[in-house]
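Here chain A shows up in two complexes: once beside chain B, once beside chain C.
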Partner chain A sequence: MASSGSGYDLSPTTFSPDGRIFQVEYASKAVASSGTSVGLKVKDGVVLVTEKILTSKMLVPGSSRRVHGLDRHAGCSITGLISDGRQLVNRGREEASNYVDTYGIRSPPVVLCERLSSFAHYFTLHGALRPFGATAMVAAYDEDEKDYSLHMIEPSGQAYKYYGCAAGKGRQGAKTEIEKLDLQALSCEEGLAAAVKVVLQMRDDNKDKPMELEAGWCRDGKYSKVPDGVLKDAEKKGREELEEEEDMDEDEDE
Partner chain B sequence: MASLHLNAATTAPSQHTKYPIVTGTSVLGLRYDGGVMVAADTLCSYGSMAKYKDARRIRTVGPATLLGASGEYSDFQSIMDMLEGMEQQNDNFDDGHSTDAQQTHSYLRAVMYQRRSKMNPLWNDLVVAGPNFLGLVDKIGTTYTDNFIATGFGSYLAIPILRKKWRPTMSEGEARGLLEDCLKVLFYRDCRALNRIQIAKVTEEGGAVVSEPYEIETDWSAASFATTKGGLEGDGGW
Partner chain C sequence: MAALANSFLSPESSRLKPGELSTGTTIMAVPFPGGVVLGADSRVSTGTYIANRTSDKIAQLSSKIFCCRSGSAADTQALTDYVRFYLQQWEVETGRNATVKVAAHLMRKICYQNKDNLSAGVIVGGWDEVDGGSVYNIPLGGTMIKMDCAIGGSGSTYIYGLTDALHKPNMTKAETVAMVKKSISHAMARDGSSGGIIRTCIVDESGVEREYIPGNQLPYGP
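Moving on to the complex of A and B:
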């Protein structure tokens, strides 16, 4: 990084001479070193899968969650710093509940995500504040349009709508794998299997720390956590498929 | 010159509910063998005018709680909004815990009592039911639980019938029949009642289910309705 450390990276209120805001880029770095997350919009819903890296063998399974519900029709996954992500989750819940109280209908996904991205963006505008070291993928159902959507909100405050997206350590490889999928042909179950497989594929079990998968989906108009049994099955199936593919590759090499 | 001493504090319009405006009448509830049933008609009156004939006054709160309300309908709507918001918060935690009927009953007691203590009550008498729970909270925060409960006119007209006919071993069909009988008497004698009703049940297996509204048969040929009273002219009506 050419101009790194030359005084332009001390505050998000300062641009570098070549027009960059280093504090925001550093925040994205915090996300990039986190476990891989994948979001897929499929035929009949949206699937979120994230890899939670376990920092200790003594952690209780299922603790410090990365996938959270925001409202009946929306949920999100967190990549990056869990505690920063929880800030986004809390804000998302607040916005969703305010929207229902005010307008009597569930918040349209675009509105919810715009408000969340404004919130994230605000933290890139002040010298006294620090951008969030977390990216949120929001899966939501639009009760008016009867349509599902997937948005990703980044530390910079950028928020785009995606068919498929990835964040964290394995995002580059994951994106390449997602591009190979025919998303509009997949059901939620198939989407879950595909997303789990992509996340597993980005791992090197010999090198990487132990992890736990977490998943949520938005289907039948509602958001929910993927039941533990269903996720475990998908994980087992994904591992088996990957092993088979590996064996086949080895056979070809011989 | 005393009138000059009237200040804003004494002349400003009051900011609290002094009387209800749009009201629902009686709610009935009873335990039977296997669950609890709640019944009410679908009328909301504006004073003595039968204004809204499709007001659903029995709602579900979560999977296994019923809430029936008599009194100010807008206050009931606001209570429902509050409970739904709390339920969503609870669902967001996604930790397997949920609020049961007894907890909802206790919470509503706290809310109703706080509001009456601020001299600004929510003008409702609420019947709360769960698979093995039946309780009442009134507009001043009084609570009780019982095998059968009736609010409003029902406490005069339905309670005597329930005292005579209720048994702990009643089947679902018998319970439904008894509630329909009570609602029929209420329709005959309570001028704020309607023959369009909803009956809801809550059981361990099936959770809380509220029926669609339906009309009950009435028969106005009984002598007390059809013949004149006190030797007066007319058809016996009021």
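Moving on to the complex of A and C:
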């Protein structure tokens, strides 16, 4: 790597001569090596799906979660280092509950995400700190505007609002797949199926480590974890569809 | 003898420090479909002395949110200053127009947290895109109650029955304004520490109208 040994990559307080901050870029690399996450804003809500790579065959299903609720109207998925992500989750919960306490209404998604991104950004400003090796996708409902939104907060402190976004190992492929979808025509169930399929599509089951899918969605004004049964069905359906498509491709080749 | 005079008055004004100005008052706010009407008398007194006979007890919190003040003039002015400041910050952060709910919640919070040092009973009312016209009453202890017809101040005790009788659901703007003016006139007639003129403030989607009725033209009587 061009940056190593130059001395410009030792602290997030140092710019390289061409204006980059290597510590922040390394943090993004930690996210890029994690399981794929996909977020979709659909017709009547927002769907978050993430691939949790299992480090041991002895893990109990559903442990060390990557998808968390922040408040009644908001939730997020974590891509990257789980423990770093949990730091963002804790802060998100704190911000959300403080907001209700002072203003008497649920935090508007933009405000919640701006505050969360300021928090992430703060960790890129001090020599004694390191940036978070995690990206958070926040799905939330705006109770005043009656609207759903999807934001992605990155280690640099950037936070953009998306119709669809992806992070982790398969993000490039996932993004091209997401662009093909007609998001405004999909319901939450259809969005879940599409997101699950995209995540599965980015995998190579012969090569990749075993994984478990996790999903959350924001619908009917509330955030909730996708029920296990619904997610299992979507996963099964996704796998079947992908196999069918593969078979058809092979037929065409012959 | 201000301290002695205070001890004869209602529980609200008996909390005043010796010499403190009281807006010993009649205030009122009533929402109607599409807007809200706020009204107040204009008397400010120190015991039996009328310090101001044409004061304005309806303070503006944001472009379409107002607040009727009762209790200590100093306390309620400071309170509305704070709420106005926090609401402005909220508008800047969210990029939206403030809502009555948020305004009332901020007011409630400050009133409750400082209840030992304040004598302030306020009514927050206004119009916003989310809820239309709405009114919240925040009396002495710092509770917050959303109301269809809120009255407050020392004069209000005389008109509970009158407002109960006059208020009907889904009144028109004109009916609501007439009801507010009538009710306050009757409170001013019976309550020694309410008087002067009636100020009203009508807020709806199209904007704010402020009016007053001179003291010799009050709609008192049947």
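In this section, the second predicted complex is superposed on the first by the 251 of 254 C-alpha atoms of A that agree within 3 Å, B and C clash if a C-alpha of one lies under 4 Å from a C-alpha of the other, contacts with A are read in each partner's own complex, and residues count from 1 in each chain.
Please note the rule applied: contacts are C-beta pairs under 8 Å (C-beta built on N, C-alpha and C of every residue); 3 or more make two chains touch, one makes a residue touch a chain.
No experiment lies behind these values; they were computed from the predicted model shown.
When the shared chain is aligned, no partner comes close enough to touch A:Pro12: not chain B, not chain C. Applying the stated contact rule after C-alpha superposition, one finds that A:Gly238 touches neither chain B nor chain C.
In the superposed model, A:Asp71 makes contact with chain B only, not with chain C. Contact with neither chain B nor chain C is seen for A:Pro131 once the two complexes are overlaid on the shared chain. Look at A:Gly170: by the touch rule set out above, it reaches neither chain B nor chain C. When the two structures are aligned on the shared chain, A:Tyr103 is found in touch with chain C, with no touch to chain B. In the superposition on chain A, contact is made by A:Asp144 with chain C only, not with chain B. By the touch rule above, chain A contacts chain C in their complex via residues 102-105, 108, 110-111, 144.
Against chain A, in their complex, chain B makes its touches with residues 81, 85, 88-89, 91-92, 94. For chain C in complex with chain A, the touching residues are 90, 93-96, 99, 101-102, 104-106, 108-109, 129-130.
Interface of chain A with chain B (complex): residues 68-72, 93, 97, 100-101, 225.
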